[in-house]
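Order of writing sets the labels: A, B, C and D. Residues in every chain begin at 1.
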Amino acid sequence: MADNELQELRSQVDDINLQILDLLNRRARLASEIGKVQQRLGTTFYDPAREAEMLTNLERENNGPFSNETIKALFREIFRASLALEEKEARQKIRVMRKTADEHTVITMPDGTQIGAGDFSVISGPCAVESVEQIDEVAGALAARGVRFLRGMGWKPRTSPYDFQGLGIEGLKIARQVANKHNMYVISEIMDMSLVSQMSDYVDIFWVGARNMSNSFLLKAMGQVRQPVILKRSYGATIEDFLYAAEYIVASGNPNVILIERGIRTFEKWTRNTLDISAIALLKQESHLPVVGDISHSAGRRDIAIPLAKAVKAVGADGLMFECHPNPPVAMSDAKQQLSIPEMHALLDEITDTDKVLA
Amino acid sequence: MADNELQELRSQVDDINLQILDLLNRRARLASEIGKVQQRLGTTFYDPAREAEMLTNLERENNGPFSNETIKALFREIFRASLALEEKEARQKIRVMRKTADEHTVITMPDGTQIGAGDFSVISGPCAVESVEQIDEVAGALAARGVRFLRGMGWKPRTSPYDFQGLGIEGLKIARQVANKHNMYVISEIMDMSLVSQMSDYVDIFWVGARNMSNSFLLKAMGQVRQPVILKRSYGATIEDFLYAAEYIVASGNPNVILIERGIRTFEKWTRNTLDISAIALLKQESHLPVVGDISHSAGRRDIAIPLAKAVKAVGADGLMFECHPNPPVAMSDAKQQLSIPEMHALLDEITDTDKVLA
Amino acid sequence: MADNELQELRSQVDDINLQILDLLNRRARLASEIGKVQQRLGTTFYDPAREAEMLTNLERENNGPFSNETIKALFREIFRASLALEEKEARQKIRVMRKTADEHTVITMPDGTQIGAGDFSVISGPCAVESVEQIDEVAGALAARGVRFLRGMGWKPRTSPYDFQGLGIEGLKIARQVANKHNMYVISEIMDMSLVSQMSDYVDIFWVGARNMSNSFLLKAMGQVRQPVILKRSYGATIEDFLYAAEYIVASGNPNVILIERGIRTFEKWTRNTLDISAIALLKQESHLPVVGDISHSAGRRDIAIPLAKAVKAVGADGLMFECHPNPPVAMSDAKQQLSIPEMHALLDEITDTDKVLA
Amino acid sequence: MADNELQELRSQVDDINLQILDLLNRRARLASEIGKVQQRLGTTFYDPAREAEMLTNLERENNGPFSNETIKALFREIFRASLALEEKEARQKIRVMRKTADEHTVITMPDGTQIGAGDFSVISGPCAVESVEQIDEVAGALAARGVRFLRGMGWKPRTSPYDFQGLGIEGLKIARQVANKHNMYVISEIMDMSLVSQMSDYVDIFWVGARNMSNSFLLKAMGQVRQPVILKRSYGATIEDFLYAAEYIVASGNPNVILIERGIRTFEKWTRNTLDISAIALLKQESHLPVVGDISHSAGRRDIAIPLAKAVKAVGADGLMFECHPNPPVAMSDAKQQLSIPEMHALLDEITDTDKVLA
């Protein structure tokens, strides 16, 4: 008998569900209309005062059994869903988010070299440019393996003001000259938007570092350059923060953004940071931008570079970044994590089962 | 004109809002009826197959503009709200959560000493019992300051199997004897439910350590003892995890639970863990159980013990736990964080502006 | 001239370096002698009172320029190095740590199936046993793909005491019967050491869950069983904590331990936990035990299961654990992360380029 | 007999200890000499090539029992200690670190109002300037309570480029005008160094936000302004990172820096971030700069504002920052964490037992 009773009650619930469904969709259509009017009026979709007013009305009319708190929570979800619908219609959501499964941003360099088109790209070079000899030795070795993207950092963001801060524009000139010699592209970090014009003559791809990931002025300036931009995830940023940072660049006019995951800060002490491999999987799934994994700054140690490189490739990243130095123990920064040239060869041997990285 | 149009559309939305409100509450009443039938039938409220069926129905009937995904998300919120209502009615929510602002669990010891009644309680003693002399010296000094709760650990949970694991039952016997001498209560950690009967003769308050916070078998066993239980937050647990762990004890029959916050694991390296002071504020606000702050295991260093003790008191905790050892540098465990006896005096001088800790 | 002066000063430093080197090694030989005497006396190597005495002596004799603090810090390093040497000689360091590059623990099951011998093992099954039908359907599908290890959980550790806690011993009996039918091995979680004898008749591999990783009583009990043990990393544990937990089991007599990485708690919100892929690389490098990656509890979402599985394989893990349920949306626990049977097939198709998982 | 033997061996160790002590100090004196020569030569103290050479020498001469690895680790500690000594002598260590117990940086405003001199300062205002009316209402209420520091943000760093970014320079002009009316000081965030001159006319104290904490170009620019600077800890920064960021400003010429702790990112979900109360204690202990606690951005919820404010005061902070808005539910940003004006009064009632905040 209880079973029959249950059946009857459930069929009443089903009926109410469908009525709520109908009202929700009618409400969504009205919200969509309102959105269009707001666009004509030039106001934003989000109107907190109006929301507060609606919540107050509901609270006044609510006789339970749901508490006012519950009712308000449910309606806030409805408001959020309506807002999302309006925003979607207005600008088809966030630009960096994938709309269809086969949407892919491909970065094409002047000679046709691509990032994000299916091949696994390698970006490498020393932590910072220290001298012509140093970077020439590394660049030559990398170029011989078909690596086309040279890490050529003139400025080094450092925690302490007393640590080596890079050779500045001189370092960048060295990187340019060496890259030209070996037919490579220079990737170099920009630390402030005042450096844009000065750097533009020497740089093929701008790099925005982890410490500047949320520097909206710099991000907007990167929306104005003609070069592609590599954006590094801050060690304190969520995936969502990271995608919004990329959105600043893309929304400012530059669609050629590459995302680089470099580890987040956690309680683990055996690695400098924790490489967030799931973030690479999620970034590839949710965004159409190319994604690269940095195994040097995440691990902070070179002894696990090979397995991490394999994991980065296997999870579906478009490329790999690692630091390489002719003599890591005497490097002026990040000595523990840079690979020596023989270690670089060993790593590339392992990840290039196909000949794609090799010219 | 757009303004008029907006006004008209908004009034239609208001109307729909009220219809949805009415349907939600009717739905809630039906769910409540269903809950009662389910109780008679002895089934659980949560019925995922039924939910899946309702979602399928809604998906079939949905013509947009809300996507199926949005509709399902909104209805899942509605299901969750209904379920919460049913559960609330059935058992008035989670037992450890405060229902009214003035609800407070007060722990009363045999001689009338209380924890949670407004005074600021102090629990102290060495990290572990090492010898009669060691604990007697500390206990004597603490008792002279009016401290009534002696940390008397027989077993020490240790990360490495090769570290000192405590004197076991012998340590507990020593703690009992010393506590009796100084008119103190013994608080001692239980590491496995097989030790309950053996420990019961010596212990006034059972202590469940951070490593055992999610050991549901031990928690349920703690629901069966006559002594109060101090439950320590694991360094990896959220506040919600912590409250649910307490719920295991209370739901198993023992209402006398004291919560102790001891720091969570974060990326910060200058402290062993990060004392989560907001957790103390939230635990006091959300739960009626007494809350104590442990400034030794959180900081892992003694030099900031005094400011942390003041913060713990100021934020509204019911008490403080710190380790105290006659000769910290030679302690068999946690040497860096235990206070010496003079340091203990200095700390108590600072936090006992009133004479409440003193008998 | 400054150059000559520098040269001269440096040669004096070189000379002192060699004298210090000689003294350090002489000191190490003495410490080793002392260690042998201590072993005869049955005392521990670590003698904090003796260390305190030596530090006091040094402080008294120190005239700078190094501060007492620096001198004490340097000597504490020397003490630690000596202690490490003694301990190494006494028990050849921690048992679970690899001594040579080719040291590998291989788990061999009664029919010769191995974990850790080079093949990539798959462990799968539902989050918990819910019914004969449920687990039989999954087990049949898995067995058809050559999967030999069935997740057959009778008990489910849950955050809330009101959540489904598993069918207990009945669930385990069901798992046994189904595993026998499909020629599989049962892996099942033990939640308390009191269950050892009861479970032993039904279980082929014991599973120690994340919540019990630091339960030393249970770990020691696992040292006494004849079956292999899978030990799961707690979401709050460092790699070092994890290895020490394994050491408890091995030091208690059971060398057949498998490590399973399942994600750590971080600030990232798009995944339930953060799969620590570097931890797998480091565990494989530092320990000889087999290592498995759990992609269900780490991600907490099924949509990135395939890329994560590939990463786990590529980084060098010995196997993979994922949850699989005939109808994930209605699963009684972990609904969002369990794979359906078709999803399981898709995943196995991707990671079994060779036919190794297939019988 | 073993005891005698032990005694004899230990006395030999004591003898060697003193010889090592003597050599370490002789080595330190030589390193100090070398440091002076290097300063004359204009080279840096840290010379990795020289260190590599010394390590190679030691490795060649080492015959054990200490392994080469141990010897190198010990000598790296000695090198580090020598380097620290040289650096200390050269520039008396890091400028922001306290050298003596009574060293305190006090910020003195034009009318003599001070931060860091012992009184507990309050900084408050809305999250961002939205209109004259909004900030005037808040400023008036705050001024009536004796609060002198008005949060007057023209620019708002936001995660999403589509969120409200502030009124810019117009907002700042409004803040200035309102502050003048109520005799308050304007504190306002600078987001890029290009804004320095534009903002200087309106701002009494520059604010560097969490997202810019590691923006070394901006930090150096802040070293050149005449106003004091409030530097906010990034949610991803360690205490050490934070102090080095302050060092950039101080080393660039501006000694008037105020540190503000605002919570770090952890796995806890009931608060937006975790207020790191121990960091305040450590910053006060290790640095001479004033330290302020931000209870709005750390908690992300207003309901625990009062206990957190009490904790911040009790732990020894020099001041408190909280957001206050005339109508929090409709605030354009951070609606959940801003206090209403009555809530502000309740909070100030609780923390101003003395009349210090009141003029």
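Quick notes on this structure:
We take it that a contact is a pair of C-beta atoms (placed from the backbone, for glycine too) under 8 Å apart; a residue touches a chain by one contact, two chains touch by 3 or more.
No experiment lies behind these values; they were computed from the predicted model shown.
Counted as hops between touching chains, the shortest connection from chain A to chain C is 1.
Relative to chain C, the chain whose mean Cα position lies farthest away is D. Annotation: A-B is the more contact-rich of the chain pairs A-B and B-C, by number of C-beta pairs in contact.
Both copies, chain A and chain D, contribute mostly matching positions to the interface they share, with over half of the numbers common to the two. A straight line joining the Cα centres of chain A and chain B is 37 Å long.
Remark: chain B and chain C have CA centroids separated by 28 Å (rounded to whole angstrom).
The set of chain A residues touching two or more other chains comprises 236, 240, 265-267.
Within the complex, the chain B residues that touch chain A are 2-3, 5-6, 9-10, 12-14, 16-21, 23-34, 37-38, 40-41, 50, 54, 57-58, 61-66, 70-71, 73-75, 77-78, 81, 84-85, 265-267.
Partner chain C is touched in their complex by these residues of chain A: 236, 238-240, 264, 266-271, 274-282, 284-285, 298-299, 303-304, 307-308, 310-316.
Looking at the complex, you find that chain B touches chain C at residues 44, 48-49, 51-52, 87, 157-162, 165, 191-194, 211-212, 214-218, 234-237, 240-241, 244, 247-248, 251-252, 265, 329-332, 335.
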